[in-house]
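Accompanying notes for the structure given below.
Labels A, B, C and D are assigned to the chains in the order they are written; within every chain, residues are numbered from 1.
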Amino acid sequence: MTKLLELDGVSRTYSSRSGLFGAPIPVRAVDGVSLSVAPGRTLGIVGESGCGKSTTGRLALGLERPDAGSVRFAGAPMPAPGTAAWRRQRARMQLVFQDPLGALDRRLPIARQIAEPLVVHGIGNRAEREARVAALLADVGLPAELGRRHPHELSGGQRQRAVLARALATNPSLLVCDEPISALDVSIQAQVVNMLADLQAERGIALIFISHDLKVVRQVSHEVAVMYLGRVVEQGDPDEIFAEPAHPYSRALVSAVPSVGPRRIERIVLKGDPPNPADRPSGCAFHPRCPLATAQCRAESPALRPLVDGRLVACHLAATRRLVA
Amino acid sequence: MFRYLSFRLLRAVLTILLVVTFAFVVLRLSGDPALTILSPDAPPAAIAAFRHEWGLDQPIWVQYLDYFAAILHGNLGQSLRDGRPALQVVAERIPATLVLTLPALTMKVLLGIPAGIYAALHRNSMADRAVMAGAVAGFTVPSFVLGLVLVLVFAVQLGWLPSGGQDSWQATILPVVTLGLGGAGILARFTRSAMLEVLGQPYIRTASAKGVPWRAVVTSHALPNAAIPTVTVMGFMVGSLIAGAVVVESVFSWPGVGRLLVVAVANRDLAVVQVILLLVAATMVTANLAVDLVYGMLDPRMRAAGAR
Amino acid sequence: MPDMSASERAAGERVAGESRPDRPLVEIRDLRVSFEGVPALRGIDFAVSPGEAVGLVGESGCGKSITWLAALGLLGPTARVSGSVRLQGEELLGAPPARLDAVRGGRIAMIFQDPATALNPVHRLGWQVEEALRLHRGLEGAAARAEALRLFERVGIPDAARRLASYPHEMSGGQNQRVMIAMALAGAPDLLIADEPTTALDATIQAQILDLLREIQAEAGMAMVLISHDLGVVADLCTRVGVMYAGRLVEMAPAAELFAEPQHPYTCGLLGALPDMSGPRRRLVAIPGSVPEPGRLPAGCAFAPRCGFATAACAAGVPELEAVGEDHHAACARLPLPDAAAA
Amino acid sequence: MSATQIDGATQIDSAGQIDGAGINGAGIEGAVVVAARQRRRGMPVAVICALVWLAAMLAVALAADSLRPYSITAIDLRARLQPPVGFGGSLRHLLGTDELGRDVLSRLIESVRVSVLIAFGATAIAATFGTTMGFIAAHFRGLVEQAVLVLIDFQASMPFLIVALAVLAFFGNSLPLLVALMGLYGWERYARIARGLAIAANAQGYAAAVRQIGARPLRIYLGHVLPNIASTLIVSATLSFPEIVLLESGLSFLGLGVQPPMTSLGNMVGFGREYITRAPWILLAPSVTIVLTTLCVSLLGDWLRDRLDPTLS
């Protein structure tokens, strides 16, 4: 299957400094990540705060430029942010934020905001745009009269639908959803998840779904990447990864999901906090918290290698452990 | 902490540099000193000679460096009025100003901070409203109006206190009260809002939830946090000790730095104005550094920000 | 109860084995709270027995946190509170401040959602724990210091001796939450209220904190109320669970029973809306509509407009909690539901 | 100051993956109270009075020429130092006359016009300049931002009256200079607000959303950010407006602001001071006007702040 978006070994380093004269500390937010997504498919990215999943999303959208590696969209390299070509390309890829209220301009009625991408990209005349907005509102299941309201007059779920309608206005082929449901109430999350699935089925959009909620990622993804400290540590089919995680970190993450139903994986409680990206441990970044770490793990950073079943794992012990399991 | 302080010190130097540059630029922009001093119809040869003597024919950056060097040597020019060094003219006036501003500062702090705290703790009560009304009056009534009204009542009508001059300690009462009342209002208002902000923080609820009696919640949990923003305002007040009484000194004909400044501005006595400007900047910068030090003591997060 | 860890089982057996005491530890009767005329809590009856772990779940604004803040007198002056909250028979609502101070942190301790802002930024962590020790156990100086160190070690803070001198901003969220727990334990309380203790934390840290809470609750034999919007978190830790909606308790049952056989349509809906972690993927069953705003509640049952089972009768009156099984109560006019299991 | 240090360090995953921190807990109580407040829309009596007074001042400023009974320079030496009506004066001069027999009411009306115009002009300049600087800092970040921050620091740390006096000493006095000078007053507050809010909106908010739609910076800042922060800026303006009035009247009182034959409120107080014992009305009329005006704008500002923007302290 041809890929719509390909990230090839992308890295992004921020230099964090304290004040004007503090010494700059390089922080590797994303470190050599290769991912791809095909039309009509969903790539889920999971991990804890500071693991670089949001930055990966921004790199995928071309909102930031990688310091190393390349991002290709529909076969072509990503133009530099802020250029005319970059702005034109926005019509083909869109971002959905975590906080729908923050992402909407609270002073403009919903319909005008949904129409804004059309205005920015000079699509259609006034009447055509109005018709398109009406169609978009219907697509995301919002009554037409809601278009006249302002964001604060809508409920959380309705707002996220409006944000989705705006993202879909230019018929993008890629949608990056960064924690799209974590600001919503439990009973509303399912509505949005279902709608995303429906929209993808109808329009064949490629989705990158970034979330810390493993249950939801499993629900929506065709492929999933687990990130830890800027790197992908495990990548593959969500059912396989969540049923039998190969990387000790994925295993701990999966086992930590609070669940109402029966638990399939015995609970593993990791020691310590996720380390500061500015102070990366040597070797495998996970080794200080890993219950299985060996001398090799402390010295040598594992590469992402395929296992027999096709999934990729970055762990020195994964291959042997699979045999044991 | 060391990094933090050296960073602040650098900023302080930068501020002084900016002030000096500002004075230089304004001085050069305000007209050719040769023409100003010699009068425009002086003979061209005299003007050229003057320019050469004062280095005005040099490139602008050389002039700037010279200017700087002169300031570093304490050479700040002569007062137009009597030809004495401007620095000396200004320095003579400082004690008179401090006689007003120091008691006024004490009054602001002793009156403003407790009133602000009390108002915050009794939000929406009559006392709160009274304090807030006083505070609003404190900064909406200009000091010259307040001063004149006080003169009208206590000097003219009642005849209890002198309306000006500096022959007795009684003469300081009206100017000090004028300065103190306005500042106390501002401080009360600021303290109140800082206190209200802190009282709304989750850690106050935590303290109550662990059974800390309300009085102790206020004294050992809320006050140390509310002190942090209040210190900034106090720093500004300390920084204006030298020139904070421009208007009030004029109202009461008080021979301090402020009155000197007004007269110097009216006479375009540039050297004196410059000295006062630098002096004020230096006091402000020192006060701000002191504030930073106090910050470091009050707020552990600040120490970390510098140490990182 | 098919899926419990050893410690959970132990806790469960202990509660069962001790034979439910006649008198509950805390008993809340018809607790109502309103802010400037807008009701936030509309009559809650709730009891906690000694040593048991109760969960309270619900969405934002349902009143689950306000219940306990009101019970301990921690709401601001804008709140109007009525009803009754009894701690082993002693009325807490309207109790004198000195009495409340002794109860808060001493008999009933509370930990909050965001540990970073719940700790005082200008005081050392050790000082903050020692303050509680001084207030409730009368410990001073070296004794307090030693006890604080013991508590820090108990809650698993690495390098505890040095951490006593740290400030909150020098610690991670998980470590700060451990400090909050140490502070709560300082008064040796009979009841710990944990208000969304893991919501602001990462998944692996959440697991650590939940484990710690479970351990400590079992070890100290104290009762615990776990407030959370996450059904999974509550299922993990609690033996009994209450579900709240729009300022009322709509269902209350033993945890296993609640999750296996929910009775109230809202509970059914919440469970249906959760994706599974294993098994085949199914389309989620979403609850239509959204949570009503506190000031604009519908007449009658507040859930009726979103409820698939609602009839005209549901808008007529607010249903009361009624027994639908042993120790299982639900507030729904349509019980038993025509086809509850299907929902 | 500390803001620079903080946002330098928090760039990584600014998305804030904190799991629904805003949904539960302490926010609820606030939300309920806000909901309750929104239902009670009403204006306190004091604010209505303030609005009426301010409207009157504005009307006086605009229609000064037709309201004024006498020319401000009309000297009537036979009617010097006449008291106002009610204190032994005549109806010819409602507020009495000054030492040259000029009508105090007429001079007051003209003074209101001058003072109000200066304050309005200066506020507009400060708001425009400050907001632009704030946006520039927020858009370019890096060194540009640091430079703006140093300027903000400088402006905030020097007592403005001293700087203004220095400028007047060097440049002499003229009305355009005075307005421009007053226009520098308080620009740093607008710059701070504009920078802070624009950075927030850029980080994870509506501005970021519009940017990734493909909008140009001008559209983002003028079409979205400015309207969204306008209420905060307006509140800030109402809070600094009275300060400008006070500053101008202070300068004029010292004889260094508005120069005769023009007249302003501070100017009138300054000249009236000589006659404080014999004719206090010359100084009391403009004093009362200043106090009432600054008081009313402050009241209005406080009320607006509570209504529109409780975050502004």
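The definition used in the following text is that a contact is a pair of C-beta atoms (placed from the backbone, for glycine too) under 8 Å apart; a residue touches a chain by one contact, two chains touch by 3 or more.
For clarity, every value in this text was computed on a predicted model and none was experimentally measured.
Student: What chain lies farthest away from chain C once each centre is taken as the mean of the Cα atoms?
Tutor: B
Student: Determine the chain that sits nearest the middle of the structure, using the mean of its CA atoms as its centre.
Tutor: Measuring from the global C-alpha mean, the nearest chain centre belongs to D.
Student: Starting from the mean Cα coordinates of chain B and chain D, work out the distance between those two points in Å.
Tutor: The separation of the two C-alpha centroids amounts to 21 Å.
Student: Round to the nearest whole Å and give the separation of the Cα centres of chain A and chain B.
Tutor: 52
Student: Approximately how many whole Å separate the CA-defined centres of chain A and chain D?
Tutor: 46
Student: Between chain A and chain C, tell me the centre distance in angstrom, where each centre is the average of that chain's C-alpha atoms.
Tutor: Taking the average C-alpha coordinate of chain A and of chain C, the gap between them is 32 Å.
Student: If I count partner chains per residue in chain D, which residues reach a count of at least 2?
Tutor: Residues 5, 9, 18-20, 23, 26 of chain D each touch two or more of the other chains.
Student: Identify all positions of chain C at which a residue touches two or more other chains, and write them in rising order.
Tutor: Chain C, residues with two or more chain partners: 59-60, 69, 112, 114, 229.
Student: Where in chain A do residues touch two or more other chains at once?
Tutor: In chain A, the residues touching two or more other chains are 18-20, 22, 48-49, 185, 212.
Student: Can you check the complex and tell me which residues of chain D touch chain A?
Tutor: So the residues of chain D in touch with chain A come to 4-5, 8-9, 11-20, 22-23, 146, 204-206, 208-210, 212-216, 219, 224, 227-228.
Student: Can you check the complex and tell me which residues of chain D touch chain B?
Tutor: My answer: residues 1-2, 5-6, 9, 26, 150, 153-154, 157-159, 161-163, 165-172, 242, 246, 249-250, 253-256, 266, 269-270, 273, 276-277, 280, 283, 287, 290-291, 294-295, 298-299, 302, 313.
Student: Taking the complex as given, what residues does chain B use to touch chain D?
Tutor: Going through chain B, the ones touching chain D are 11, 14-15, 18-19, 22-23, 26-27, 29-30, 136-137, 139-145, 148-149, 151-152, 156, 193-194, 197, 202, 205, 236, 239-240, 243-244, 246-247, 250-251, 261-262, 264-266, 268-270, 273-274, 276-277, 280-281, 284-285, 288, 302, 305, 308.
Student: Give every residue of chain C touching chain B within the complex, in rising order.
Tutor: Per the touch definition, chain C meets chain B at residues 69, 72, 74, 77, 97-98, 101-106, 109-110, 112, 114, 117-123, 131-132, 135-136, 167, 169-170, 180, 183-184, 186-187.
Student: Which residues of chain C touch chain A in the complex?
Tutor: The touching residues are 2-3, 5, 59-60, 158, 172, 174-175, 202-208, 210-211, 229-233, 235-236, 259, 269-278, 281, 283-288, 290-291, 306.
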